[in-house]
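I have a structure here, written as C-alpha cells, and I will follow up with some questions on it.
Chain nomenclature is as follows: A, B, C, D, E and F, assigned in order of appearance, with residue numbering initiated at 1 for each chain independently.
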Amino acid sequence: MKNDVKKGIGHVSVGDAYDGFLLIREATKGLTSNGKPFLTLMLRDASGEIEAKLWDASKEDESLFVPEQIVKLAGEVGQFRGKPQLKILSVRPSQPTDDVHVSDFVEKAPIEKDRLIEKLTEAIFEMQNATLQRIVRAFIKKYQEALLTYPAATRNHHEYASGLAHHIVSMLAIAKELHQLYPQLNKDLLYAGIILHDIGKIKELSGVVTTTYTLEGKLLGHIPMMIEEIGLMAEELQVEEEEEVLILKHLVLSHHGKAEWGSPKPPLVREAEILHLIDLLDAKLNMLNRSLEKVKPGEFTERLFAMDNRAFYKPLFED
Amino acid sequence: MKNDVKKGIGHVSVGDAYDGFLLIREATKGLTSNGKPFLTLMLRDASGEIEAKLWDASKEDESLFVPEQIVKLAGEVGQFRGKPQLKILSVRPSQPTDDVHVSDFVEKAPIEKDRLIEKLTEAIFEMQNATLQRIVRAFIKKYQEALLTYPAATRNHHEYASGLAHHIVSMLAIAKELHQLYPQLNKDLLYAGIILHDIGKIKELSGVVTTTYTLEGKLLGHIPMMIEEIGLMAEELQVEEEEEVLILKHLVLSHHGKAEWGSPKPPLVREAEILHLIDLLDAKLNMLNRSLEKVKPGEFTERLFAMDNRAFYKPLFED
Amino acid sequence: MKNDVKKGIGHVSVGDAYDGFLLIREATKGLTSNGKPFLTLMLRDASGEIEAKLWDASKEDESLFVPEQIVKLAGEVGQFRGKPQLKILSVRPSQPTDDVHVSDFVEKAPIEKDRLIEKLTEAIFEMQNATLQRIVRAFIKKYQEALLTYPAATRNHHEYASGLAHHIVSMLAIAKELHQLYPQLNKDLLYAGIILHDIGKIKELSGVVTTTYTLEGKLLGHIPMMIEEIGLMAEELQVEEEEEVLILKHLVLSHHGKAEWGSPKPPLVREAEILHLIDLLDAKLNMLNRSLEKVKPGEFTERLFAMDNRAFYKPLFED
Amino acid sequence: MKNDVKKGIGHVSVGDAYDGFLLIREATKGLTSNGKPFLTLMLRDASGEIEAKLWDASKEDESLFVPEQIVKLAGEVGQFRGKPQLKILSVRPSQPTDDVHVSDFVEKAPIEKDRLIEKLTEAIFEMQNATLQRIVRAFIKKYQEALLTYPAATRNHHEYASGLAHHIVSMLAIAKELHQLYPQLNKDLLYAGIILHDIGKIKELSGVVTTTYTLEGKLLGHIPMMIEEIGLMAEELQVEEEEEVLILKHLVLSHHGKAEWGSPKPPLVREAEILHLIDLLDAKLNMLNRSLEKVKPGEFTERLFAMDNRAFYKPLFED
Amino acid sequence: MKNDVKKGIGHVSVGDAYDGFLLIREATKGLTSNGKPFLTLMLRDASGEIEAKLWDASKEDESLFVPEQIVKLAGEVGQFRGKPQLKILSVRPSQPTDDVHVSDFVEKAPIEKDRLIEKLTEAIFEMQNATLQRIVRAFIKKYQEALLTYPAATRNHHEYASGLAHHIVSMLAIAKELHQLYPQLNKDLLYAGIILHDIGKIKELSGVVTTTYTLEGKLLGHIPMMIEEIGLMAEELQVEEEEEVLILKHLVLSHHGKAEWGSPKPPLVREAEILHLIDLLDAKLNMLNRSLEKVKPGEFTERLFAMDNRAFYKPLFED
Amino acid sequence: MKNDVKKGIGHVSVGDAYDGFLLIREATKGLTSNGKPFLTLMLRDASGEIEAKLWDASKEDESLFVPEQIVKLAGEVGQFRGKPQLKILSVRPSQPTDDVHVSDFVEKAPIEKDRLIEKLTEAIFEMQNATLQRIVRAFIKKYQEALLTYPAATRNHHEYASGLAHHIVSMLAIAKELHQLYPQLNKDLLYAGIILHDIGKIKELSGVVTTTYTLEGKLLGHIPMMIEEIGLMAEELQVEEEEEVLILKHLVLSHHGKAEWGSPKPPLVREAEILHLIDLLDAKLNMLNRSLEKVKPGEFTERLFAMDNRAFYKPLFED
C-alpha cells in the first residue's frame, strides 16, 4: 500500500491508498440505520472527484467540513454500488501553512489565462467597426476578471475554470478561418457576437468552484440578461441608436438557434446563423475530444447526454 | 340600386351600390395581360374592408392613391373568385373640407379611451407595493398616448385601436376577481405583470392604421425588448436591486408560457403562471365572442387560425 | 423522547417517538436475505404518511395488517435511504372501543361537506334552462354521497376527500365571475358542464382511502363513461332529443382540450373552451397554493410533475 | 363528335361530346364580373365526377338544379385550369319516365348487398359467446338498411355505397385467417369488434349521396357515440354487467390506436390491438388497390393524402 | 426442501432448493464493502434466468466462471430487492462426461428447425418469378445455418433460438392468406421481401447465446447492410439490371415504415407497405401471446416496452 | 423598346423587349376555354428563367418545342398573376450554325472545372492512409465526368452545374482549417467522407439541365446507394475487411445527422459528426450568400424554404 497522491484522485483505483489535499465540493448530513450521524463528502482535485463517508460526525465536524473547504486526508479507495469510494482514515482542515489554494483543486482550461486575454485582445484589435469595437472593449473591461475564470457551463462542455474564455477564443479562431474562406461574412459582427454571446453566464452561474444557477439565472437566463446589459452599455456609450447595437443584440438573442432551445427569435441575419453553428461546432468538438481521450482505440465512450445520449466509437486505425 | 353607405363597407352585399369615404390600407401596382397599369386597392372603414381595382392607373393616380389616404368613392359591389370586389365608378382623394379623419376608419375598442385610462388608474391606485407601483406608473406615463391607441396584435385578438388597453383592462378585471377567490395571489404583482406584459408591442408594432412589425420587432420581439426597458426604468428609479424588479421581469419574460411560444423561461412564480392563463383566457374570449357575433344560432364560425384552426358552433338554445 | 402524536405523522422528525393510531394504506410481503418473512406497511393519518417494517411477520400478522385497517402503534422515527421510516415497537389492530374511523385518517378538503352541497345547490338554483337543470339535478341526486367524498384525482390536484366537490365549487365561483365580466357566456351551460365534467371519476376511481383505477376506468376512462351516462340519463328524463344534451356531452367530451390529453374532440363550443380553461386554472391554483404553503419565502417548491416538472419560486416580498 | 355516355363521366377526355344522365352533387351560385348569375354544378355518375357551369342561371334554374337532382344533359368536355369541365349545351331535370335512380349514380362496393349480408350472417353464426352474439345481432337488426348502404368514410377508403359493409366483410375474412394461424385469439371478440367498430359512422355521416358530417358527428365523433349505443343496447338486453360488454366497448373505443388519432385509450386487450391492425391493413389495401388500378406499370399513383401523402410505384414486372 | 430442477430456473419460487446445470450468460466482478472480491453471475436455462453471487471469488474462479460456460450448481432460491436470487452452496464447471450442451440452455422457437426449413422451401417453391426466386435461394443457401439458429432480435419479439426463421415462416403464412383475399398482391415479391427483410440481423447481432450488437451492426444497422448484400448477390447472379432487384431492395429498405424507425425511405410500393404491416402484426402477436400466457384471466401483463409500455388485460370470459 | 438580351432573362423587367436564345426546361400542353391547343414553356438561360405561352400550337410545334431544345425567340416581357411572362412574337429551334450549346444555358459554379479537379487532387494527395486514399481515387476516376458537371441538389443549395464538386471543394477547405485548429481530427477520414458523402447523387439525380429524381433515387435514395457502391468498390480493391471501409460507410450513412433526415444511424464517430456539421455549414453559407446578394442593405431576402422558411435581414452598416 503506497501513497498515490501524485496521480490525482481522478486516476486512483480500488485498493489504492491515498494521502493528500482535497477540496470539499459538497457535504450532506445523514443518519445510519441505528441513528448515528455521518457526513457524505464529495471531494475533488484538478483531476476528478470521489465520494467519502465521514462516520460518527460530531457537531464540530459538521461545521468544519463544509463546501469550498480544503482538507488534508489519508484513506483507502474502496467501492460502493459499483463506484469508487474513499474510506477515511484521518482528515483535518487545511492550515495557512499548508499553502494550498482553492484554485489548485479545480480543472482548468488547457490554455493559460495570459494567453487567452492576449488572443481576445488581438481579435478586438482586428475589428474596424468603431461601434462594435467600443461595446466589446467595454464589456471585456467590465468583466475581465470573471471572464477569465468562469466555466462556459455547469456541465457538458468547457465546464472548467477559464472555460468561457477558452470557448470564446476557439470560436474566434474558427470565425477567422471561415471569414477567409467566405469573405462575404462580416468579421467584426461575428467577432463581437462570439465575444459577447455567453457573457451573461457570468451572472447566470454562481462561480467556478461549486457552479450552480443564481436566482436571476433561473428566472431570466443568460440570454435575456445579456440583451438588457447590451442595452444599458449602449446607452452609457451613447450608441443606442446605431443599427450595430440592434444587430448585436439579435446575434446574442438568437445564438441558441431555436425557440425550443431558448432563443425567442431564430437567427435572421447571416452572421447570427454562423455564430450559432460555430458555437455548436466548438462545443461538440470540446465534448468529443475530451471523451475520446479517455478511451482506447476500438472502444466506445460513455454516453454523452448533451449529444443526444450517443456513445462514440474510436477507430483502430490512425491518421 | 340605392346608396348603402350607411351600413359600412363590411356589411355590403354583391349588387349593392356604394358611395362614401374609405381609407386606403394597401395599394399594389399591377399590369394587365395587354400591358396596361392598374392599382389594386385594399379599402376600409371601421366596419370592415374590401378590394377594388383602379384600371388604367396613371402615374398621378399612383402617387395620389397611397396607403393611409382617405378617398371619396362611388361604385358597385361585384365579386371576384368568390370574394366581394368594389367596381370603381369614380374616386378622388378626400379634401380638408370633407372633414374626415383616419381615426374614423379603423375599428375601435368597445370602450372609450377615457374609461380605459380611468380603469387603469384605479388598478394602480389599489396597489400597495411601492416599488411595483412606481415602475408601473412610470411606464404608463411614458407610453400613455400609444398605450391608448395601439392594438394588442396585428391580428387574431384585440386587433383594433385601443385594443392593447382594452386587453389590459379586461385582464385586470379577471385578476381582481381571482384574487378575491384565491387571496393567496399577490395582487400587486399580478396587476403590475398584466399592465406591463404587452407594452413592448408599442415598439414591436408600427402603429394603428397599417400595423406591421418594426425591424426591432422582427429581430428581437416584444418580450426581450420589454425586459430591457424594465431594466432601464429600474435604474432610473434606482430600484434595480429590489427583488420585485427581477420577479416582474420574470412575469413579462414567461407570459407566453413556453419556449416554443417565445418565452425563454416558463412561469416559475405562481403569479407568472396565472398571468399566462389570464392572458390566454381574455384573448380567447375576445376572439370567440367577436366570431360568434357574426354567425346565427345553429351555424359554425369561420375557422379561427389562432385557435388551432377550429370552427366554433353556436347552439340553438339560449341562456 | 416524548410522544409526538399530536402533530400528526406528516410532521414528525427523525428521532421522534410515536404513539397513536394510523391507517394502513398498503401492505406488502417480503423476505429477508436469510429467508424470514416481513411486512412493509405504508401508514397514514390526515397529515401525511410514513413507511414501517414489521419484522418476523407471522401468518396471523399477514391477515391482521391489511389495507384500510386502523392500527394502534408505538415506535420511533428512523431513516432509510434518505426517507423517514417508523421503527415499530408495538402494534395492534384498533378495536371498536378505540372509537377511531377511517375517515379521520385521510386528508380532507378545507371546506366542510355541508357547505359544499349548499354551494352546489345554490348554483343549480340559479340555472334557468330547464333541460340542463333537470339533468344536473338528477346526477347530483344519483351520486350525492360519492360526489361529496371522492377526490378529484389520485394525485396532483384536489387529491383528498371531498376533492371532487371542492374542485367543482371553486370552478363554479370562477365561472360566476367570468359570466359577470363576459355576459355573452351561457352561464347555465357552463354550470352544467362544470358540475358534470369529472363525475365519471366516481366510476373511474376505486374510492377515497386507497384510490386506484377500476378496470372500467383503465379500459374506458371517465370521459367516455360519462358521455354514456348522460345519454342514459337523458333517455330516462325523456330529453334525449334536446340540443342541450348534445352540447352538454360535447362539453364533457372536450374538457381535456386536446386528443393527446384524452378528449377525442377539441372544444368546438365557446363554453366548452372556457370550461377547459377554468378546469386548468383551478387545478393549477390548487397545486400551486398547496406546494407554496410548504416552503418559505426565498425558496423553491419541489418539482411539480403535473406542471411540466417545474419548481416554483416564492418571492421574498409580500402583498 | 360522338356520344361517349357509355364510358361514364369519369372516363371522358377533353374534346369528347357527352349526352346522358348525371346526378348533381353540389350546386353553388356565382356572379360573373359583369354581374350575371351562374351556377357551378358538380355532376357525377357511378364512374366519377366533373364540374360544369350553367351560365345566365334564372331563379327557376336555381330551384331546379339542386343537390341530389338527376339531370339529362348534353355538352362537350373542355378544360379549366388544368381540369376537365363540362360545357353545357342543354340540360333538364329527369322525369319519372326516364326511369333513372339516385342509386345508379353513386359508386358501389364491388360486392352485392345480398352477398355482404350473407357473409355477415355467416360470421355471426360462427360466434359461440352468447352475450357478444346477442349484442351484434341486435345492432345488425337495428341498422341493417343503413349498414348496407353507407360508405365507410367521406373519403380515403371504402368511400362508396355499401363501403361500410364491404370494409367489415373484408376485415372478417382477415380475422378468420389470423385466428387459424394464431388460435390464441378470441375469435368471437374479434368478430364482434370488427362488426361494431365503425357502426357509429351511420350517425356521424349524413348519408350515401352527398356525404358530410352531422352536427353530432362533428361534436362527438363516431367512437364516443358508439360507446353510448353499446351501453344502451346492453341495458336493453340486460347484459350490462357482463365483462364482454366492457371489453367490447374497449375494442370500439381503442380501435384508432392512439389518443392523437381519436382513441382516448390505446388498445389494452390483445384483440383490441389486432382489431386496430386489421382495420389499418384493410383500409390501406383498399386505397392502394384502387389507386394502382388507375396507373400503368412503371408509373406512380397520385399522392394519397391518407397515406402520409405518398405516391406509390407500380413495378414493370408481374406476378 | 426438495430438488426442483425439473421445472427449470424460470419457474422456481423463493425458498426452493436447486440442483442442476445452468449456463453463465454474464459474469461481473465486484468488491464488498470490506474489500473482498465476488462474482455476480447471470445464469440461465431454456426456461428463464436468475442472478447469483459467488462470494470470496478467487482468481481461479474468475477464469473458470465466464460467459457461455455451463456449470453444475446446488443452491437455494432467496430474494434480493424484490427479485429472486440464487444462493450458491456448491458450483463447478461442467465436464465432457456431463453430456450437456449450450443449445440446451437457450429458449427455442416452438417449431423445430426441420419444419422451419421445410416451410421456407415450400414458399420458395411456390414462387414463379425466376429472378426473385434465384436471389432468395442464393441467400438461403449462404445463410442457412445461421438463419435457423439466430433470434429475430435481442429482445421484445422472437428473441429466442430460431426466432428469425420462426418470424419469417409466420409472416409467410399471413402473406399467403392475404394474397388469397387480395389477389392483386404480388405474392412472389411479398415472399421474397419477407424472407430477406431481416437477414441482415445475422451480421448485426453477435449470435444466439449472449446476443449483442456487432460493431458493424452498431455503425450501419441491418437495413443498409442488407441493401449492400442484395447488390453484391445480384452482381454475382448477373441480374443487377432487373427491376426486381431494385424493388426488392426497396422492400427491405422501407420495411421499418418510417425514417424515425430506421427506414430512410417509407414504403412506396404496395407490397412494401404490406410487408411492413405483416412484420408489425406478427411481431406484436408474438409479444402479446407470450406475455398473456404468463398471466391469469382478470390480470394485466407486465408493461411491454416495445408496445409503448402498455400492460395488457386478459379478460375473464373465454372463446 | 430595345433588345435586352445582354442582361439575361433573369434580369429583365416588365415592358422589356427580348431577342435571343433560350433553353426549354419544361413544355406542357394545354387547351384554351374555347378548345384551342397551346404550349406553356419554361425557358431559361444561365441567369434565370421565365414562363411563356405559345398560342395555337400545331402538332409540329409540339414535337419541335421540347425540353432541352434551344430556341431563338423574340418577344416582350409582360406579367401574369404577379409573375413576369414572356409574350412570344417569333420563335424557332436553334440551328447548328447558331453555335449555341446547352451548357451555355445553365447556371454554373463560380469556380472553373479545372480548378475544382485541381483542388480535389491536392486533397487526395495530402492523404496518408492508403486504404482511404485508394477508395477515394477509384471513385474520382469512376465518376470524374459526372462529378464535375452535376449539381449538389435539385434546389436549395449548390443547385447549379458543377455544384457537387464546388460543395466538396468548399467543405475540404473548411476541414483543412478545422484540422489545424483541432489536430485530434483524423484528416484523411474527414477528407474521404467529404469527397464521397454526396457522390450517390450522381445516380439519384437525372442530370444537369432538367434535374429530377431517378426511379432508383426515389425508391432508395443516395445514401443507401452509396453504401452499396463503397461495398462493391472495396471488394474490387480487396480492402473490404479493413476497418477504414466500415468507418467510411458510417460517415456516408450518418451524414444527414438524424433518422428523420434520412440517416438510419446518427454520427457515432467524431469525424462523422464533424462531416455532418461542415456539410450543414457550407450548404447554409451557399444559400445565405446567394440570397443576400440579391437584396440591398436594409432589406430582407425572400423566405428560404430549406432554412425553416426564414427571411434574412441584410444590415445597413458594412464590414
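Some points to look at:
The definition used in the following text is that a contact is a pair of C-beta atoms (placed from the backbone, for glycine too) under 8 Å apart; a residue touches a chain by one contact, two chains touch by 3 or more.
All figures in this text were calculated on a predicted structure; none of them were measured in a lab.
Least step count on the touch graph, chain D to chain F: 1. The set of chains touching chain A and also touching chain B is given as C, F. Interface chain B/chain D: under half of the residue numbers present appear on both copies, so the contact uses mostly different residues. With A-E and A-F as the two chain pairs, more C-beta contacts join A-F. Between chain B and chain C the centroid-to-centroid distance comes to 42 Å (mean Cα coordinates, whole Å). In this assembly, the C-alpha centroid of chain A lies 63 Å from the C-alpha centroid of chain D.
Centre-to-centre, using mean CA coordinates, chain D is 42 Å away from chain E. The set of chain D residues that touch two or more partner chains comprises 215, 218-219, 247, 268-269, 313. If the chains shown are joined wherever they touch, the resulting network has some other arrangement, not a path, ring, star or complete graph.
Pairs of chains that satisfy the touch definition comprise A-B, A-C, A-E, A-F, B-C, B-D, B-F, C-D, C-E, D-E, D-F, E-F. Residue ranges on chain F touching chain B, taken from their complex, read 14-15, 76, 78-80, 82, 313.
Interface of chain E with chain D (complex): residues 128-129, 131, 170, 173-174, 177-178, 181-182, 184, 186-189, 242-244, 247, 266-270, 273-274, 277, 280-281, 284-285, 288-289, 292, 300, 307-308, 310-319. By the touch criterion given at the top, residues 215-216, 218-221, 223-224, 227-228, 231-232, 235, 246-247, 249-250, 253, 259-265, 268-269 of chain D touch chain C in their complex. Those residues of chain C that touch chain E in the complex are listed here as 30-31, 33, 35, 215, 218-219.
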